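Lettered A, B, C and D in written order, each chain numbered from 1.
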């Protein structure tokens, strides 16, 4: 299998994630979509590491995972707090701030 | 045989101090009783920032590309930007120190008993200080980071605390939490774009260092470079609130606790622009024919849209949010200029804008009624009558935003447009001045409301600020005034410090 | 050229006097009129002294100058405040100060009941100063100052009783009409500067040979326009009738004897321009001819004694203007008629004032009748003036008018025929309307109803009238005798430069002139003998109606200028508000509504913000793709 | 430190000293303001005495580095043009202070604030005319707006805040366009001779045509708004109607002169070629202003609006004279700036007294004032006569010089402009008839005449109007050398008279 295909896969995953953020309402799902995008980027890094023949990309992937984990912590904290206040995880409900 | 990587501790010391203080802050939060905790936290924060500043002063003439292996470049511009962040943070922390803006217990459900009890018992949590310090640390790291992963990490390090800080308001907690959620989701979304772009830059250059990307010019995979530039730019443009990645700004500025908005508006801009400048000046310098036109268009769109929409705002924080969008547009002209002058102008502008912004939001925090801050502009009418001093100061700050001579805003605008003109970007200069004219309209409208409209008889009043706020606001205002009347020192410094090394 | 230190005093004395009277306020009420009169008399004295001094010098040394200071000096534009007294100006100086002084004296009595008499004298002094500056200025710009100065004095005096809105309006009308003429003078000066690089009389005279005829014609036409404004010549004549709103001494001094003749002075002074600009000269003839008939026709229908006299003034100045259009010889005759007219018209105006004084300020001749026997002296002096104006030998008007008719006829050809007929016709009409005035006023049935009997005016009024009527009897002959005036003015206007062939012997012309006068008088006597109604008859011919309406001059001005002007103003007010300011406001409201529209995008939904980012990303990709492709 | 700097700084020092005067002591505040402004006037007269007429270069110069990063200097100096304008400003201010003694009493803010603003404004006015550094000029030019804005907005009459904002936005818009041009000039200087804002150096730049045209326009539009020239004028009537008479005097009499001054000092001196290119357009606009302003003035019902529109007409004359590019036009325009300043001051101050007494600014509310208040009426009348450029009064000399100067180069424009003098008669005499003549309008019977303070305030203005009409030489002597230099440097020579060719 050509290495380039991994890039296509990565692009597809990223696109799915990006579209998911736009179309889904549940904040958890939205957040998962973002994670999907991050992982798509990870995939690309790893692929490029392979293409370029150096390890930097793989190192980056590890870093990204750590950072993503931190992001999950913060993100879930926020989402949960909001859920407790509003009894809803829909991102559309949080739309008091506008215009 | 592995050799341990050598770290330039002296050069990194400012950041290390701040991060260390943040960690200590976490420990204090965890183990210290509530009585003196706030004071200790504040002392730690101020102390760390002052110490960092001193360190920055000591290393002001040093530079290195290998301070942290190859990930961090300490150079003149980097030091200036870090110093700017620290100075602004110092002023901001005094605003933040007014605890009563923040929820006593973030975890408590708004309006619940738990919350009420915590308030009653003065059981105020002080996690904002460590969070703040982490953010400051990240902001210091961001403009000096010279590889993609460090940039990403720094971005997240200062963003994640900010997401949380945005949700900590004591009053109108629903709005505050909403702001946090929006900021978080959109920020993470933008980070994903950034990371994806970083991947493609890596693919293009075979290295993650900015210098490497720059020297890989002419590599076959031009497409990777393009995708990389676009996506990385999106991540950065989001942080500086450039159109069309600006939507979060008004909502978050409005929803977040005002001291946090102040901090965010001032320092994030410095950090993000610092990184933006470094990436575009170092990493993408060779590809300027590609990005310059795009950034020019974005800059123009940003100034115009920011100014136009600001006209229609009824909320003073939202208005300032749009104003910050417009200013981002002005600052982008410095990026487009791609010259030493452009860099120097940007450095000056960031400092000047940051000071003015801090003071302005500081003042907003003083206008209150029984339920808390009043940000509805219609209720600001006649404020000049109620408190001439606060009215005048705010008017002065607005004039500075508008770029009237004898304010720092004017010098900044002049510097940055000169640089843009010098680099041949006359379109941006003309749009800039026209947008400034539009912008002047809404700044002046507020001045009219404050001074020339009779106050309606309602409960809005200007509270007497705490000493900390007083210091903070007056330092920022006076600095803003000095940099308007006698900007020579800051301008010369900015020029002297306007070098990125590779 | 010799200098004289006295000239400045001619202007300075009355000017200071005027200023003192105005500044002193009520304090000067008791002595203001005395001071005004003394000052006026002293200017006359200076004038006399200068006249005799001048006469005693040889012909080429007669003119004297006095440079007072450098007024304006910018680049090549240099104008001194400098005065020139030559043979031409001395005539005017004497007329102005002489008649002026008499009228001052007259006014002491005439205005004795007016609370503001002091102010009146201040204005009179101001007028004397301005008028003297007008005739003494050695450049067009200096003349211009006097020119507008007399306009101001005229404005102030016409509007002396400006509590009456109609009077204030008349004053304003006079000023504005004069300003139209002033445009001409301004432009003439500008063209002169562009042409000659100089605006002084002597400088321009020296350069006239090198100037192109286009420029000279333009200057001439503009000067004519100026003259039309000041001298109430067609088409700027309409203000003069209304100007009779001023106190009668004013009408006599300013609107009969002196100021309105400034146009004649201007053209005569500019003889070197007109002599070199035939088209302009022809226009002068046309304007003069038209006005002399125009005024005469209006004069036939006027029942207001002052307005009838004003129409007559207009007509007589028409004669003078016409004469100035006749070339070198004409200037002298124009000045001669101007001087004689100054005497007899002033005398008649003052006579009219005397009648009004006796008739409780009634001006309508239909309410007069048979006054002659109550006011014998007034009747006598008025009669002398009457004989002078209609041109009965040997009264003054005969000599001066006769000469104009003669010169006009001598033009020869169609031009001569037309001009000659016009002047003769004018003379006939003059005889008619003046006879009408005399009959309606002094003869016939008494129509003043229940009012008190008219009484003769006090001596202080009668003496000036008497002196003036002496002038109206004798001045003509004195000036005519041995072509005195013609020779006197020769250095200024070169009347003898061109030799005119005489088509008709002078005596034939004189006989013709006297004949038409007799016709005019007879017709008037036939028409106005017997009882006259005390109201103007309603059923009159179209011509009479037109003449009563001043030949529709006001209607014309109203239709041609006032109403279009008003609508321009009205429309501009709207345009300014709706379009020009509107565009500005539109920019504001467009920005505001754009702001409001764009605000809607900010709908609060995270998803749509994300969508906006995606769209932005796609737009960036598309742009880059376009750039690099 | 140059005397000029001292004169300029004096009002600012005065404003600072105001801090020590208790706000309650209104009379002391006013007296102190009067004292300071009078001192400034006296000091500025020393400037005139010490001024060497034979030299065309800047005098009383001083240059200190201000913002070294941009090579910006605090550089001031005087030539004939700026000297007379400074004299105009410094003489008018104490007169305004004295004349409008009670104007600030009913304002939104304290009387003290009013005078502090006036004093600050005076410093700015002096500075704007004295600056020989482009950047410094711009700073004064823009910063000046703020005190005026507060003076209009804080002490004006009805509709003041709308008028104030209109004024400010208009001016800011122009100022920002100018800023773009200033940046352009600065950058070009950096490329050619080393970055500088020094005016004499900037005048030596070689700029390509297209760029020069754009830079010129940036400056010109700013000044055209300030002046104001048709069609940028609509802010002025609103501002003048809403401001207090004293503010209006400073606004029309001095501040607007910055526009015409700028046209000479910057548009023409820095961009002679572009000036040449745009002259036809500008002359056209000027002529339109003359006629348009006059017609609009005729149509005004409000006395302040009337004076504002007459000024627009007069500014048309000034602009026309400037761009006629002849010595006469240039000197005439300069002189006109001074004369218009005093004439308008007289008109506005007296109109202000009339309005204060009647509590109305509608022309038709007055009537018969000549009977009731003769001194006031006479003063108004003389001011009006100067407004219609009656020979013998100040405006005439300047108006005539402008027309003559224009005629030699642009005859058609001058001819149309001359028609303005007919309209001038209408727009002055109609209101004079309505206010001073006719029967006394009900409500005016008890009107009081000018008191001693008012007489003292107006007397010098009237005296200047009269003296300048008869003897403008001293001022022309100051102006002429500079005017000639400007015209020559712009590459023009006066047209030669036909007979001398």
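One rule holds in what follows: a contact is a pair of C-beta atoms (placed from the backbone, for glycine too) under 8 Å apart; a residue touches a chain by one contact, two chains touch by 3 or more.
Owing to the predicted nature of the structure, the values given are computational and were not obtained by experimental measurement.
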Chain whose averaged C-alpha position falls nearest the assembly-wide average: D
Averaged-CA centre spacing for the pair chain C and chain A, given as whole angstrom: 96
Gap in Å, rounded to a whole number, between the CA centres of chain D and chain A: 65
Separation of chain A from chain B, taking each centre as the mean of its C-alpha atoms, in whole Å: 25
Distance between chain centroids, defined by C-alpha means - chain C, chain D (Å): 37
Per-residue multi-chain contacts in chain A, two or more chains: 18, 21, 30, 91, 94-98
Residue list for chain B, restricted to those that touch at least two other chains: 181-182, 185, 189, 193, 250-251, 441
Touching two or more other chains - residues of chain C: 599, 602, 604, 606, 610
Set of all touching chain pairs, with the criterion as stated earlier: A-B, A-C, B-C, B-D, C-D
Residue ranges of chain D touching chain B (in the complex, touch as defined): 65-70, 108, 135, 138-143, 145-146, 150, 153-154, 160-161, 164-165, 168-169, 172-173, 176-177, 179-180, 183-184, 186-187, 190
Residues of chain A that touch chain B when the two form their complex: 7, 10, 14, 17-18, 21, 27, 30-31, 34, 37-38, 40-42, 44-45, 47-49, 51-54, 56-57, 59-60, 63-64, 67, 70-71, 74-75, 77-79, 81-82, 84-86, 91, 94-98
Parts of chain B lying in touch with chain D, wherever the complex brings them together: 344, 399, 402, 404-406, 410-411, 413-415, 417-418, 421-422, 426, 429-430, 432-434, 436-437, 440-441, 444-445, 448, 451-453, 486-488, 491-492, 494-495
Contact set on chain B toward chain A in their complex: 106-107, 109-110, 148-149, 152-153, 156, 160, 163-164, 167, 173-175, 177-182, 184-185, 188-189, 191-193, 195-196, 198-200, 202-203, 206-208, 250-252, 254-255
Complex contact set, residues of chain B against chain C: 181-182, 185-186, 189-190, 193, 222, 226-227, 229-231, 233-234, 238, 243-245, 247-248, 250-251, 290, 293-294, 297, 305, 308-313, 438, 441
